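Shared between the two complexes below is chain A, which has chain B as its partner in the first and chain C in the second.
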Partner chain A sequence: MSVNGRSVTTRGPRPGSRVRGWRTDRLGWLLIAPAAVVIGALVLYPTVTSLIGSLQHYSLLNQDRSFAGIDNYARVLADPAFQRSIATTGIYFVVISIGVLVIGIGIALWLQTLKGRLRTLALGVVIIPWAVPGTVSGLLWSFIFTPTGAGLLNSTMSSLHLIDATKAWLNMPTLGPALIALTVVWGGTPLGVVIFLAALESIPHDIRDQSLIDGAGPARYFWSISVPLIRPAIAIVLLNAATLAIGLFDQIYVLVGLDPSKITISGSMYLYAFRDFNFGLGYAAAVITTVITTLIAVAYLKGLYREVEY
Partner chain B sequence: MREHGVARRRTMQAIVGAFVGIWSLGPIYWAVVVAVSRPSDLTMSPVSLVPRSFSLDNFGSVLAPSSPAGAAFLQGVLNSVIQATGTTVVTLLIALPASYAFARVRFRGSTPVLAIITATIAIPVYLVLIPLFQLGAATGQLNTHQGVILVLVSASLPLAIWILRSHIATLPEDIESAAKLDRANTFVIVRSIIGPLIAPGLVAVAVIVFLAAWGAFLIPLVYAGTAGAQPLTVVIPTFATQFSSDYGLQAAAGLVAALPPLLLVLVLRRYLTAGLILGAVK
Partner chain C sequence: MKHTRGPRLTAVALSAVLATTLVACSSPSPAAGPANQSTPGAIDKTYAGTTISLLVPSWATFKPAILDDFTQRTGITVKVQTVAFDAIHDKIVTAEASGQAPADVIELDWTWVSQFGAAGWLEPLGSYLTADQIQGAAGSSSFSYQGKQIGLPYSLDFRGTAYNMTMFKKAGISKPPTTWAELLTDAKALKAAGVCDFPIGVPLSISENTATPWYTLIRAAGGDVLDTQGQPAFATNGLGERSFQFIRDMYASGVIDPGAIGLSVEQVSQAFIGGTSAVMLSAYPSVVNANKPNQAGSNIVGNELQFVHAPGDKDNTTGASIALEEALAIPAASTHKGAAAMYLSWQNETAQKVAAYNDPDQGVLPTTQAALQELSKNPDNSALVGSVLTLFPTIEPVIPGGPPTWYTKFSAEVAATIQSVALGQVSPANAVAALAEKTKQIANQAK
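Our next item is the complex of A and B:
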């Protein structure tokens, strides 16, 4: 993720820079040509197409390709299914943000107490869920949430006499999306741990020593010293969590299928475009989703991400 | 008193460690239990967290070309290997020269172009999916390996360029000056001087790109949804409906599909954590 633009490079007018001339230009453009073509054709062109397409009527089911103005946006925003997906995305957003933040910092603090080989080993275990593809992690968790007695959650709960009959956990109104979000927390936490650990480790030792001499306990040290100093890391992790929540698709697809009550706003793009074959509405939903994501990113970066000086 | 405190800290450390272990490995462990157990074992009460029986039959039928599940699964393995490897190789081949140019060659236009490429890291896949689908349909690239690979390359290229450029920018410029005095070709410089020096960065990028391509779902679902180009991520959800109550078979399929990325992460973890931080924080 690029946050502060580019890092510092020494570039600029140098003696003889005029002589370099077109040979340097040609070399530079030659080297970046393949990358420029791929990104131009498969990232920039589709982005512009989406923006323009969202202002057009475009359904594969009829011939109407006329200018729509904001009609697609109005229809998407007024669609009860889309409004529902906003509420569902909200649940994913809250659970994934809190989950990745709390569990990520918790595990990072725990790793800090370990030394040497033990820490390397523990970090190896912690990072494992990150390697599991989203669809597979949905599948792994499905054996826990299975609605029959074969599911681990059902069999454990009934063995402990906490439930009388097996439950279809994922079909429950709020708990269902929250449990789906939990599977995403599982896969998303390792990146958070790595980022938090790096941030915690970069706090200079003398700050820690001084605060201990001043009589600050571990809790005081954490809230007054660590948290303010790792604020940029918190911003990055929350931003990543928001991206995971809004873009969530794979785990939902495997766990409950394209259930309209479980999809995110980005998933509603998929339904408009590839179930209803209405590309105009799909474009509008995708643009709305991107705008929401951007607003959240800007809020996090303005509110939390500031360079820290020791 | 002091020793007592140390002992208490050790205990806390171990308890938290147990929770971390269960959280990280629990879902994988339970899938192993499901895969090796008889179906009837799973519904027996009270629940048993260790397998009551042990059989590798499910892994056998997932990996047997003659069984219906195995045929589809092995085709998926092959497709995933082709697409993930292809994406990784093509991404590196395109990203390395571009990164070198942005870090070292002072050509006109480099600053705005780099800014645009960096900004595209933030463009989400769902924004470009419909046009990419139309583009693929118009050019006959749907349900082909090269179609999927090209789209996956475009998705990982901006981040790859960003990470590699930061690596090259940290190298002292003197390194290349000797070669330049010998009038060495730029491609020779990149291949034989820059390449080896940023090897850790290249490995990190390769792993990140491979994992992203191996785990990609939405792109191949739209791009390779019907014919024989489906990767494992697309094949596996069809197992859940096709063999809906055969949890053991599904679990075996999921575990085998997760094995290549797991091994990769465990073996190359050292490169990965540094690369992850570069990718996420910079």
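Our next item is the complex of A and C:
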């Protein structure tokens, strides 16, 4: 892409790295060794443990650890409760992704218009929800969604004559999960704002100036220049939103307990392992969750992530 | 500026961590502690110099000044880890699954007995405590697994029904109802008289606390929820359907807050002591203390409260009051079992039981008759202790023989079914049939 003679390129992932000799890379290997050890302990070990456990009959209620083949996977995938948790996770995934993306970019664009201490102050305020732990966030929102007249949402809507009887908002089949997802959007958006703001700020000012000289309005500038150039940020924010949705547990637990119609696949995993004491099923659900998460991550990075050079 | 692809692998790796670390664990061999070196039930210096750890909720945590008495008498130091009740179960499971003792003395809820017992995680207490200590603790049979006592109850928790008679009298009703039909009639009268909008407080959210009122109703009417073989007795004794119909009638007639489908038991309790409901259908005994002076959060100080047997069905109003007790247990992997058992004996003494009740941060009712008698000497406690002693003979386990290993899954199905029935999404008859079928499925899957 070229904007008034300035070279701006977006391109797909590199096809591969240049092969280097061991000697040349020795320092590099040494430098990454600590990280490799940590990742090996925190990622590879639990991953391998989960894979092995998922192929065993592994209940805490007995000593049977015999080979189960794919039986645990078949049971998990055939379990209506797990299927329902996948569907519910889908609702969380859509609402959280859209919410964090749209609201995050919107706030970042607004912050860009502020200058000096005002921007610092506004950014500080925007970041506050990010610092609130999930359980505390759940408690805060529970005061809003309380299903009696004491709930803030019910009392406000009643006083505005928008409802004639109090509603159990979180018990509504689709609206309930969507509202829970909104509480996650509230806590997850600040990180998106920071990432988007950094990406927007990194676009050289002269590109904007030149596009304005060429007659591009704010909308055209946003869609034709800003969005392509912040695609890496969009990919990262969406990936973060996906992991928030799939791993969502705290807020749900505080707001509605372990209501099977509200839990995510992470919640199902918890129930298999800690309620039913069946770690074999828990491991299988964990591996399935890992596969789903990985597929989403790869799809985002393949489809959205582009290197950007100015 | 150049954005690189570095975060890609990291992101994928981190997602794998998120997904897998929840249930990842190792399984080293459990540690075995020494056998009891002291006389069962003794409190002496046999284990002087030992330090034991406790993993208990706040209401089982003695103040340091009280614990000093134990240390002085035994030479044993106690380190207490006070944890929110909801988090204790998972801490125990995580530690035990990796072969470690979560502490030397741990909390044991009645719903955990069969799972922890089947897993072999808890030390039988028979050689550490006397028969009098075990049998003298009300509800101790709830903590027996396959004939072995694995927990000593410390908190007398059971369910009756609490009534605000001051509110009842405003509607011209002078005595508490004894049947479900009477309760419904009275609640409608309270609503019609404008005493309160939603007279009956009962949680209907999908949680264990929603299943409890249903158990309360069935057992108070003389029936069983599950029989000793784990079969769905509620489906054959007729009480399952009639109790479901009663719940549906309460909800449909507007005597329960429609928001109850999202309320926790704590919120229902707050409504009762806040004076916005007149009945707590499945109440704990100490709720009657809400009428005492200086009770934080209570709007019913000075009201006449009664904690009595829960209403029964028309044919039987004198069934059981369900025990929902908590106990202390000793992990089999503990390396200080003898010292831990000495702590169990010490906290079971009347002086400590009375101290635990009088401490506002604990407030647990004692499980022994001796401690209850001691408490009754204080006129401030007369109403509560009087109610407790009246219902004492009716206290029985929720499920005869203890809950099956699949109990928690069953109770989740019960709660979901109750909510569906209340909302009119399924008829009581169909709900009973479906729940019975589901119960059998869950039991078969657990085999």
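Here is the rule we go by: the second predicted complex is superposed on the first by the 264 of 310 C-alpha atoms of A that agree within 3 Å, B and C clash if a C-alpha of one lies under 4 Å from a C-alpha of the other, contacts with A are read in each partner's own complex, and residues count from 1 in each chain.
Throughout what follows, a residue touches a chain if its C-beta (ideal position, glycine included) is under 8 Å from a C-beta of that chain, and two chains touch if they have at least 3 such contacts.
Bear in mind that the values here come from a model prediction, so they are computed numbers and not experimental data.
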Task: Could you say whether A:42 touches chain B, chain C, both of them, or neither, answering first, second, both or neither?
output: both
Field: Which superposed partner A:266 touches (first chain B, second chain C, both, neither)
entry: both
Message: Tell me the contact category for A:286 with respect to chain B and chain C: first, second, both or neither.
response: both
- request: Using the superposition on chain A described above, determine whether A:226 touches chain B (first), chain C (second), both, or neither.
  value: neither
Message: Which partner chains sit in contact with A:148 here, chain B, chain C, both or neither? Use first/second/both/neither.
response: both
Query: Should A:50 be classified as contacting the first partner (chain B), the second (chain C), both, or neither?
result: both
Query: Now for A:236: first (chain B), second (chain C), both, or neither, which partner does it touch?
result: both
- request: Spot which of chain B and chain C makes contact with more residues of chain A, would you?
  value: B
Task: Name the contact category of A:170: first (chain B only), second (chain C only), both, or neither.
output: second
Task: Give one of first, second, both or neither to describe whether A:202 is in contact with chain B, with chain C, with both, or with none.
output: second
Task: Report, in rising order, the residues of chain A that make contact with chain B in one complex and with chain C in the other.
output: 14, 39, 42-43, 45-47, 49-50, 53, 146, 148-149, 232, 236, 243, 246-247, 266, 269-270, 273-274, 279, 282-283, 286-287, 289-290, 293-294, 297
Query: In the complex formed with chain C, which residues of chain A make contact?
result: 13-14, 39, 42-43, 45-47, 49-50, 53, 60-62, 145-149, 151, 154, 165-171, 202, 232, 236, 239, 243, 246-247, 256-261, 266, 269-270, 273-277, 279, 282-283, 286-287, 289-290, 293-294, 297-298, 301, 305-310
- line: chain A residues touching chain B in their complex are 1-3, 5-7, 9, 11, 14, 17, 20, 24-29, 31-32, 34-36, 38-39, 41-47, 49-50, 53, 103, 106-107, 110, 113-114, 122-137, 139-144, 146, 148-150, 152, 155-156, 158-159, 183, 186, 191, 194-195, 198, 232-233, 236, 240, 243, 246-247, 249-250, 253-254, 266, 269-270, 273-274, 279, 282-283, 286-287, 289-290, 293-294, 297
- request: Enumerate the contact residues on chain C facing chain A in the complex.
  value: 1-5, 7-8, 11-26, 89-90, 93, 96-97, 115, 118-119, 205-207, 257-264, 267, 271, 405-406, 408-409, 412, 416, 419, 446
Query: What does chain B use to touch chain A in their complex?
result: 9, 13, 16-17, 20-21, 23-25, 27-28, 30-31, 34, 39, 42-43, 45-47, 93-95, 97-98, 100-103, 105-111, 113-135, 150-151, 153-155, 157-158, 161-162, 166, 169, 186, 211, 214-215, 217-218, 221-222, 232-233, 236-237, 240, 247, 250-251, 253-254, 257-258, 261-262, 264-266, 269, 272-273, 276-277, 279-282
